[in-house]
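In what comes next, chain A is part of two complexes: it sits with chain B in the first one and with chain C in the second one.
Take a look at the complex of A and B:
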């Protein structure tokens, strides 16, 4: 099966073609990603209207490029998948309308994929992994622990009560004047920093359940910076290292609790999977890998370029859904909010991040 | 706006079926480029651009001003009733999207988002001015309050898809390519640059 995938739900305009699902190992035939980082940078965050305009300006060219690089015609596709939400609705609409129109012309199966399901299932594109698995989904908009028992079957075990993890990274970078997006900058600066110089809190560590909270950590970072006054390069490196170290400890603690809950409810997971943009962070991957090893579990993570938003993950989730017959109608309504686990209770203060 | 993203493609499928037409047999796809509600413009343009890509069919963009003008019954050079035409479109904000035309329907101004206080000057000196479009009644009130000789046109406030298709049929010729059709937003995105920060004083 060949699928085209389209992703426009935040600040990446992306299209990809993948092949697989008929016994052979799946392969990515093309994965074109146009980042909008440059146009949002002056605003220190993604501006929804600017993002929507940029998606429209580029999406058809990006789709054409993905088809060209994959050396395939629309008629040779079996389906077209698009991130139908959650995300910035102006961008989601551009992607959804593009996908619907192509599907209509070539009478292709249309699949409106939950963007988070794209992140969740990517690991099955890059390696052979059975359900069920424990998923830590960490991105600019989300921080959740989920039991994934099948395609479309998600059970939320824990979520952030305030900021998403990527948001906490970005805000730390902003307070330190490191620019936007801040996650990669914090990781870079932390490499040369002394994580032991500043003592930062580990919010929620040791608490029952496996929810997260990052606002206290963010406040502690701000107080440190205020106390220093004008931080030197060394101060900035040390704060970044201390922040990242605290986050690593919290993630391991929460994942441990989640694993206990998982084993009670669903038995042994096939792996601990980490996905989403923050999963590209090599330090956190290392910490999670150590944690998993200590619990006799494999850590499975997509390669870093498939952790950030991309069309291939949407195409793959579409392929997983198509082989189960889970297609959608061309009257699909784009969804700004779309929880992976519709039965999970809303988390206080987390808003759409839950 | 609500529901357009859901309704549009099934509606196109129904229209194609009713006409017993094939996407591959279309010569051109016509679409309004605005101005109008940003999300609505993007729904129409993303769809049209993708149909164009998927079927290899050229696009023909029509501005909302031209579309209203084309939908008017007659814009005859009848100097007894008016000497110019103002197409005014509702912005749902304080300003009005506006463009001036002569009595033959040729544009005599660029399309613009015009503040109410600047509308009389925008309308110019060729009076009386015939006012049409979805913002016509508000524009007329503003002009009359400013002492401008203006008359309300009985033309429909909005063009329908049939008008857009007819405009393409009479104006589009093979080889007339509009490669990357962009919306006519007439307004920059709402976004303010952050104030410069003093890291030490206010982190």
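Take a look at the complex of A and C:
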């Protein structure tokens, strides 16, 4: 099966073609990602693709390029998948309308994919992994632990009560005067830093359940910086290292709790999977790998370029759904909010202390 | 030109900030725009979350930094929680449907300066400042005429 996937739910405009699902190992025929980060980096700032018109002005060209690089005709496609939410509604509408138009003209199966499901299933595109697995989904907008028991079957075990993890990285970078996006900058500076010099809190560590909170860590970083006044390069390196170390400890602690819950409810997972933009962080991957090994579990993570938003993950989730017959009608309405687990109890987050 | 009415509320603790937010939520109605200014970690998100819970919000209240806006279907009106931290040009906000939000809903806006001239003059501006101890905050209220009467007896409600 060949699928075209479109992703426009946030900053990236992306289209990809993948092939697979007939017993053969899946392959990515093309994956074109237009990131505003690349375009605007010389200007020391990012212009988020908040405006639908920005996606609109790129999407046709990006789709054409993806089809061209894959060397495939629309007639040879079996379906078209699009991120139908959650995200910025304007961007989502552009992607959904484009996908519907292509599906209608070429009479293709249409699949509206949850953007988060794209992240969740990517690992099955790059390696042979069975359900169920424990998923740590960490990105600019999310920080969740989920039990994934099948395509479309997600059970949220824990979530952030305030800031997402990618946001905590970005804000730490911002407070230190580092560039955008903050994640890679903090990771880079942490490499030469002394993680032991500053003592930062590990919010939620040791608490029952597996929810997260990063607001208090952000505040602790701010206080450290204020105390220093004008941080030197060494200070910045050390703060980044301490921050990243604190995050690693928290992730391992929370993943441990989640694994306990998982085993009680669903039995043994096939792996601990980490996905989403923050999963590109090599230090955190290493910490999670150590944690998983200690629990006798494999850590599975997509390659870094498939952790950030991209069309291939949408195409793959679409393929997974298509082979189960889970197609959508052309009356699908874009969904700005779309939890992976609609039955999850809400996380009430006011006043969590570090 | 409307007159500005200034006053400062002291919140010694985070739960006090939350209580002030709940009290102001009880005074808000459709068409109100509440701008929340202040540094990272100064309490804007705590305020917004407590405000939304006070109007009956019972689900997650995630930070909208990434999506720029989250809408909550509440009473007396929908609440639009904006975080314009990532907004580069004020014009981009138009495509976030600020017009509808400002007229029909209650808008909570973090990083309101990013809106430039699109921030309506009738907004209630709350500027968060760090207090003397770790959890303490000062909330500086800059209220237009339409809010002056409402915040008059605010301390009594908190």
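Here, the second predicted complex is superposed on the first by the 334 of 354 C-alpha atoms of A that agree within 3 Å, B and C clash if a C-alpha of one lies under 4 Å from a C-alpha of the other, contacts with A are read in each partner's own complex, and residues count from 1 in each chain.
To be clear about the criterion, contacts are C-beta pairs under 8 Å (C-beta built on N, C-alpha and C of every residue); 3 or more make two chains touch, one makes a residue touch a chain.
The structure displayed is predicted, hence computed values, not measured ones.
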First (chain B), second (chain C), both or neither touched by A:53: both
Which superposed partner A:239 touches (first chain B, second chain C, both, neither): neither
First (chain B), second (chain C), both or neither touched by A:175: both
Which of chain B and chain C A:104 touches, first, second, both or neither: first
Contacts of A:140 with chain B and chain C, given as first, second, both or neither: second
Chain B versus chain C as contact partner of A:195, first or second or both or neither: neither
Touched partner set for A:258, first chain B, second chain C, both or neither: neither
Chain A residues contacted in one complex by chain B, in the other by chain C: 47, 50, 52-53, 90, 175, 222
Of chain A, residues touching chain B in the complex: 42-44, 47, 49-50, 52-53, 56-57, 59-61, 63-64, 74, 89-90, 93-102, 104-106, 175-177, 222, 225-226, 229-231, 329-334
Touching residues (chain side chain C, partner chain A) in the complex: 14-15, 18, 39-41, 45-46, 49-50, 53, 58-63, 65-68, 70-71, 86-89, 92, 95-96, 134
Chain C-touching residues of chain A, taken from the complex the two chains share: 10, 45-48, 50-53, 86-88, 90, 139-142, 159-160, 162-164, 166-167, 170-171, 174-175, 215, 218-219, 222-223, 336-337, 346-351, 353
Interfacial residue positions of chain B with respect to chain A in the complex: 3, 5-10, 12-13, 23, 38-39, 42-43, 45-55, 180, 182-183, 185, 189-194, 197, 199-200, 203
